[in-house]
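Quick heads-up: structures coming right below.
Shared between the two complexes below is chain A, which pairs with chain B and chain C, respectively.
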Partner chain A sequence: MTAKYGWFLLAPPLATVCVLFVVPVVYLFWVSLHAPSTSELYAASLTLHNYVDLLRDSFYLTIIGRTLGVAAVILGLCLVIGYPVAYFVAVLPPRRRMLALLLLLFPLMVSNVVRAYGWVALLERQGVVNTTLRDLRWIDAPLDLLYTPSAVVVALMTILLPYMVISIANTLAALDRRYEEAAQALGASPLRTFVHVTLPLSTPGIASGTLLVFLLTLSAYVTITLLGGPRSKLLVSMIYDSVTAFQWPRAAALAFVLLALALVFTALIVALLRPGRVQGTAR
Partner chain B sequence: MTGSSRAGAAIRGVATIVAFALIVFPILIVVVAAFSPNDYFQFPPPGFSLRWFAEFFGLENMRSAFALSVELALASATIATVLGTLAALFLARRRGAIGALLQSLFLAPLVFPTIILGVALLLLYKTIGMPVFAGLLLAHCVVGMPYGFRTVLASAQALDPALEEAGQSLGAGPLRTLFLVTLPLIWPGVLSGWLFAFIVSFGELNTALFLTGPGLTTLPIEIFSYLQFQGSQLVIAAASTVQIALIVILVAVIERVVGLARITRAR
Partner chain C sequence: MNGDMADVRLVGVRKRFGGVVAVSDVSVDIARGTIFSLLGPSGCGKTTTLRLIAGFEQPDAGDVYIRGVRVTSTPPYRRDFSMVFQSYALFPHLTVAENVVFGLRMRRIARGERARSVDEALELVKLGALADRYPRQLSGGQQQRVALARAIVVKPAVLLLDEPLGALDKMLREEMQVELRSLQQRLGITAVFVTHDQEEALTLSDRVAVMRDGVIEQIGAPRDIYDRPRNAFVASFLGASNFVEGNIVAREAGVNVVETPAGRVTVRADRPIGERVRIAVRPERLRLDPIDGEGIPARIRDVLYRGPVTHFYMDSAAGPLIAYRQDARAGEWSIGDRVHCAWDADGAVVLDEAPAKRAASGEVTR
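Entry: the complex of A and B
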């Protein structure tokens, strides 16, 4: 049916994606290749200086390193906590599994600024954690929990954890249980069965959860700002600061450094975990 | 699971309790704090009051931010779902390299770092002189479109093509077939796509961060700037609870109209 008037269906959405997604991103790249200007958005001359300056500046390299470090810790925690939870959810009976997935999905629908504020209310000097510890007489003076890299890690990890759990749980729930039964019937211990059968078969879920968590960590400006404060800035904070300082070419170059990190990481995960290979054989 | 060890079961149980506590508790705290009678949040709360909600709706900034967020979500979800539905109908039966390429193009805004999209749109808008409201609306459309596209695509692919062919062989033109056969059959996908696009727009931060202007701020951005410049006061808890309540209502609507299974499968 669609073939008869197909191109009329395609034209509006395709035009939207091109004009409001492809064009602005290409334009941003174009701006990143120009010198800054005080009167215009960018100067006329083409240059690679924005990138060269960033990658030579130890300040930005430190920020990039810190960004990758924070992302790595969040990713590690999400995997270590998320995998057993996903397993727990995956083996529930269907109706209960659906409710568990809904309970994981609901927080993802609440705006991240609200979820970050929940952590601020817990961790600030007059927050729930400090007042509770004081009432229990475990501490005399409030602890400085907010505005630390750990606060960013804990809050962002819990905000993104449902993505990891849902991704892995969906793969595990679709997995054919007979593979595990076969391994055990052949004498493999539960641990061996897990390491050699279940874990490899769940790599598609691990890969998609890992990618989601990493990509969302990179652009989580609001959470990073509210919990990290001015001292724990990450790459995304630098993009925002450059924009508010009207340094358009620098902001553009930083944005593409962030995009490059995202692309390299995606390529790495796909090459290492090869999720497509598993999907072909597991079903 | 058949042969898993007792230790494995214990690890899974503990991890699940810890994870759900860490995920749910910060949201619960916000809701509890919103009903606090005091100037400062005490836990456990000493009483119950609606004063912070009164304060929230009494603040001009907050009220207009809430109104703008609802307007934007309604309009952008509608536009995004119409566009997503068109794309999904086009791609539902198409195989091959071009189909796959178009599909990833339509889904790309889902995984593309939205902060970059925000900066890119801001620069484009500055260059062409886009008004603030239109700019925000279009940005929310781009962010919401993949949700409409994805849910409708799933519905359209599950559709039996014989039904559309039957409509056409009985003399219905393509448009009549679309409105009398195809749309009535895929409407659960269309509706849940719309609701997802609404929810995404209503909580959107990363593009709105750059695209809101003086006097035109969305609720999430208003909450963010209030937290940054005036500290965490309980009116923020009330604003957040309003945000949460609206999503609870929407999820209940999805459950009623299209069923829970569609929500948990949609992601």
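Entry: the complex of A and C
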């Protein structure tokens, strides 16, 4: 296959990506640089106000902070809970590992909307948790569980955990057990073998799981809307609110703030974990 | 052998995986400062034996001793050994120097001493210049040296080598054999070497154990097991051999005369007259004489010129025969020629096993 034919084959998908992704993103950025208009998509005058206002307004800064905080907590929980589960899955024999991964995927087959309402039924003032606690006489008045950042964290975390587990489990399962044996042959206890060999060699899985969980948290909408309510809004909800208020340029600017956060975080993870350094075979 | 000098001792070790017996009642003593080879075809239990010494496998019965200490139930990381893996298993996230220092860090050696030892070890394997490279940036031969440096730097009681040269090409492998041998002798390391390559085992070892189906068939110095194989398996695993069967008709001064279907031959042995035996003769011990000479009459079926040696394939009444000649001149012997095959009594050995009662009594294995 010559390079000429290669380009020929690449042309249709490249054109599709250009027309359906690059052009709209550039256009959206163009929109974000204009003042709002009551009758048009945006006013004629060019301005940086949309961005400046966002970064000056403590309301928006609080929401950006809350978004990052929720994402960080979800990420931390997914790592702490996900890694041991992934390790357990990875050391299973191949057939059982397949089965375990399928079981992990099973919750993803239920719509997020359905699962969010499930959490609502559990957490609301007359929900399962509150009535049970009251019946046990552990509480007198119902707790405010729903419409809190904690509700968002718990619900999103349970949705995103499989992504983390599957990412790490795949890396661990592909890891040559000889590395661990080599470490033990050199006098490393199981704990030190894990810290010095297994953990660093699983960074590709940690990195991909971390990115998946973080980026999916940033872009989640249904779960945070149903469980966060009007008091615990995140960045995505603000984009939705701006759109429904016909504030197209501000919605566009918010979208780019979100994109910037995602890009910075991705760069940070790649620089920090350097997943590329462990790629290469034992030979 | 004096047991106190044994760095590794296996006593009646057995290991089975499911219904398969991998190692069955293996007992060996490996003397300090020697290379001991476990040689055999794949699946013979040699690697399992090595992993039992390392502690990666637990024996079902028997005991493992390292430097006189019973380590049968000691986990690998508390045993005094290091290992070179067939795939090297160099840590890909660490540089050459970091790989080599790993064992010293795990043994909590002081920082200054570590650096000195690492430099020394890398110097020994001639890799000082590559200390900051990552394993993936090295050639197979260089990775092999790093694996070796990483294993010897901790000065283990025993160095375990699992087919360490298997992944190298023939030239490099022979070079590394010589290097490994001189390194081992300079450092006085005790080493256990697993290989399926008989030449490698003969070149490198002080003693060789030939294994089959989890059992050690024969233990001895390379020359012993090559020249005096106990049975047909050992004889043929260590290279080609001629097998001839017959009855002993004379016994005199440690030499037996054997009556074969093709004539009388001699063998250094002291068996009673009348016993039926199977004897083995190495192809290079076989002489080709003109038709009026002594020995077994045979007819040349094939001549294979192999450079330094020429292989002659022959048929005789005692079965097919093969001879290697170093000094065969072009045209001296050719296909169809009638010759006599003879050997000195010292060149032949009586095998332990009783020959099968078959009409066709001879065979050649390669």
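Note that in this section the second predicted complex is superposed on the first by the 264 of 283 C-alpha atoms of A that agree within 3 Å, B and C clash if a C-alpha of one lies under 4 Å from a C-alpha of the other, contacts with A are read in each partner's own complex, and residues count from 1 in each chain.
Just so it is clear, contacts are C-beta pairs under 8 Å (C-beta built on N, C-alpha and C of every residue); 3 or more make two chains touch, one makes a residue touch a chain.
Just so you know, these numbers come straight off a predicted model, no measurement behind them.
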Combined model on chain A where chain B meets chain C, clash or fit: fit
Partner chain in contact with A:Arg192 - chain B first, chain C second, else both or neither: second
Chain B versus chain C as contact partner of A:Thr132, first or second or both or neither: first
Which of chain B and chain C A:Pro200 touches, first, second, both or neither: second
Which superposed partner A:Arg277 touches (first chain B, second chain C, both, neither): second
Which superposed partner A:Glu181 touches (first chain B, second chain C, both, neither): both
Of chain C and chain B, partner touching more chain A residues: B
Closest approach of chain C to chain B (Cα atoms, Å): 7
Shared chain A contacts, counted only where both chain B and chain C touch the same residue: 181, 184, 189-190, 193
Chain B contact footprint on chain A (complex, rising order): 1-6, 9-10, 12-14, 16-17, 20-25, 27-28, 31, 41, 81-82, 84-85, 87-89, 91, 98-99, 101-115, 117-122, 124, 126, 128, 131-132, 154-155, 157-158, 161-162, 165-166, 177, 180-181, 184, 189-191, 193-194, 211-212, 215, 218-219, 221-222, 225-226, 236, 239-240, 243, 248, 251-252, 255-256, 258-259, 262
Residue ranges of chain A touching chain C (in the complex, touch as defined): 176, 178-179, 181-190, 192-193, 196-197, 200-201, 203, 277-283
Residues of chain B defined as touching chain A within the complex: 1-5, 8, 11-13, 15-16, 18-20, 22-30, 33, 40-43, 82-84, 86-87, 89-90, 92-94, 102, 105-106, 108-109, 111-117, 119-124, 126-127, 138-139, 141-142, 145, 149, 161, 164-165, 168, 174-175, 177-178, 182, 199, 202-206, 209-210, 219-221, 223-224, 227-228, 232, 236-237, 240, 243-244, 247, 250-251, 260-261, 263-264, 267
Touch list for chain C against partner chain A, complex: 54, 56, 75-78, 81-83, 85, 87-93, 102-103, 106-107, 134-136, 140, 143, 150-151, 154, 160, 167
